[in-house]
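By written order: A, B and C. Residues from 1 in each chain.
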Amino acid sequence: MNDYYIAILQGAVLTVGVSLLALLVSIVLGLLGAGAKLSGHPTLVGLATAYTTVVRGIPDLVVMLLVFYGGTIGLNHLLEAMGSHATVDINPFLAGVLTIGFIYGAYMTETFRGAILAIPKGQMEAAWAFGMGRTQAFLRITAPQMVRYALPGFTNNWLVLIKATALVSLIGLKEMTYLAKQASAATRSPFAFFLFTAALFLVYTTVSLYALRKLNDRYSLGSKRVQL
Amino acid sequence: MNKLLLAVAVASMLAACGKKEEAVAPAAPAAPVASAPVAAPAELKVAIDPTYEPFTFKTGDGKPTGFDVDIASALCEQIKRKCVFVEQVWDSMIPGLMAKKYDAIISSMSITEERLAQIDFTDKYYNTPSRVVVKSTVKFDGPASIKGKKIGVLKASTQEKYALGELKTAGVTVVSYEAQDQVYLDIKAGRLDGTVADFVEVTGGFLSKPEGKDYQLVGPELYEPKYFGIGAGIGLRKGEDALKAELNGAIKAIRANGTYKTLNDKYFAKFNNLDVYGK
Amino acid sequence: MNWAIIFETKNLILFGNGIVTTLGLLFSSLAIGAVLALIFALLLTGPSALLRWIVGAYTYIIRGTPLLIQIYLIYYGLGQLEWIQARWDTVWPWTHFKEPFFCALLAFSLNTAGYTAEMLAGAIRETNPGEIEAAQAFGMNRTQIMLRIVLPSAMRRTLPAYSNEVVMMLQSTSLASAVPSMIDITAAAGRIYSDYYLPFEAYMAAAAIYLVATFCLIGVFRLLENHFLAYLAPRTH
């Protein structure tokens, strides 16, 4: 019995890995998407809007199944059509990271876009008056302030992302939910194993909330806080 | 504080990446059979569904074990390849094979007409019948006598085909599950009245355990090729003739040199010295 | 690419049943969840510190664990308890735990109740203190203030966030396929995939159905917002 618990703990490491890598992917996609939406180019804006609308309109599970089953077959057909004999295998870990990153990139796009829009216009004008180039202005003025405005939405998205990693168990990645399910069916005692896994998720959520609150405090230094 | 959190985050990412690479490295694409270097044995990725005791299951520490797994290892030794086991959910076994996630399915997959349309099989390596299993208090004489009862089956299995073809038409409610051991979980919970399963599997995986003591095998041995095929074989992609010939040769070899009998007795001697190779 | 198979009658009926199950699950769990959420939100903003703590712990656990684990716990976990097994053939409330639909419904309702309760509680806390003072000056008691002043405006303020929650619930119903005999849209697509080996076509069809459903829901909520939040619209004359 104890072996199963240790196996679930090892699966927890996979869960943490998937969620952190997916977070990276989603941040990159979110920044690109927000940039595209705010750029004003009709094609870019259209593309980004299509991305956020479609991705938020399909369940995470369906996107994951599409990428995992459909994607591998599609890629292999493509390679065959090009005459290559190589086979590409999208393993569950990669499929999970890419899919979750792709989905939450859409949510991050909206969060970052809202955050950038919340920065007073005068700041950019002042930056240009100082002669800063676009990159300089972004790095020194926009980015630090954007972090502060984006943090509540970012925290929300991160918490939902952690829970979405449980879905990767449904495409066969041996992370904690998958192992808990196998253990519960093999030993016929689901309650214990699922409670254990739920507790692990709660620990993960609590630690994340604490870390993000510290981040929030760091980035809110200097801003006025109204006492209710 | 932030630096500490950053370090923890990076460390766990690396640990997870390390684990992923550990999983990916042994599962590297198998070298073509013809030009395999003699030095390191080429790999053969074998798919298993480890929820099917005693044919394919996992012990507490996560090691795959069972009759199928041991036969697979014995065959790999015969053809001088290294077996790498890939776990797969049962209903996506064949699509996974066609998507080249692995090269062979050695997981008690029966050879049926329907499956032969999609993939190829070697000769059979065992053949055992299926039986219906219900509570000892239920009097069974044919599908109609359990009308209205709930029977659980494994999705995409030959038993499911039988249940949908013979039992559902007689008024029995057939519920499909992702894995056979989840069927047993729900039987134990009382949500199901029974199951249709391979008789060796259900004896070893359910009836011989405490939760199966009130249940029994009923009805005739189910052998119809229309539903159940001609026995369990190794699933291969169409066109893999070289591998098929190798594996067929290996099956004959282990039957001849006594390895098959040893493995058979290891798992099935307790069933009145059953020889699972069957008719 | 074999799209013709999706449009065979047998498979269209399969998808049709899936849509009925999904929408049934969605609306029933939203209805039950909304009622529960109202009660929880009132407890969260109420005078009793003990109840605040209990409901707070409940929403924390619901929002901190994945819906999939909640479903497994209710379907498999509760089914394992001897106490429930002894009663669910005969005693009334517990007979429902045998059915997969009820277990899925319970899991989804508790989940949406947890999230919506926090949203509603937040909106109640944001009520303008001046309005409450005015109501107290009029001599209304706590119940009257809640019913006449606080709740109507809090519910209006929650509408945009609630529309997000409803859309998320629609996506979450795809997890009903984790419960064995629930055939919702995702499970129907899975069935077609394992019968005909067409993953792309099957899941694209499911994705298209969900997209259409999402747009319909967003449209309905926009109409509701135009009606209930009309006072926030810019003046047109």
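In the analysis below, contacts are C-beta pairs under 8 Å (C-beta built on N, C-alpha and C of every residue); 3 or more make two chains touch, one makes a residue touch a chain.
Just so we're clear, the structure is a prediction, and the values are computed from it rather than from any experiment.
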Chains in simultaneous contact with chain A and chain C: B
Winner on C-beta contact pairs when A-B is weighed against B-C: A-B
Intercentroid distance (Cα basis), chain C paired with chain A, Å: 23
Averaged-CA centre spacing for the pair chain C and chain B, given as whole angstrom: 38
Junction residues of chain A, two or more chains touched: 69, 73, 184, 188, 190
Residue list for chain C, restricted to those that touch at least two other chains: 76, 79-80, 190, 193, 199
Two or more partner chains touched - positions in chain B: 92, 95, 98, 182, 185, 188
Residue ranges of chain C in contact with chain A within the complex: 61, 63-70, 72-73, 76-81, 167, 170-175, 177-178, 186, 189-190, 193, 199-200, 203-204, 206-207, 210-211, 214-215
Of all residues in chain B, those that touch chain A in their complex: 1-2, 5, 9, 12-13, 15-17, 19-20, 23-24, 27, 29, 50-51, 53, 57-62, 87-89, 92, 95, 98-101, 179, 181-182, 184-185, 188, 211
Residues on chain C engaged by chain B in the complex (per definition of touch): 76, 79-80, 85, 88-89, 98, 180-181, 190, 193-194, 197, 199
Interface residues, chain A side, partner chain C - complex: 54, 56-63, 65-66, 69-70, 73-74, 159, 162-167, 169-170, 177, 180-181, 184, 188-191, 194-195, 197-198, 201-202, 205-206
Footprint of chain B on chain A - complex, ascending: 1-4, 7, 10, 13-14, 16-18, 20-21, 69, 72-73, 76, 86-87, 89, 91, 93-94, 172, 174, 179, 182, 184-186, 188, 190, 211, 214-215, 218
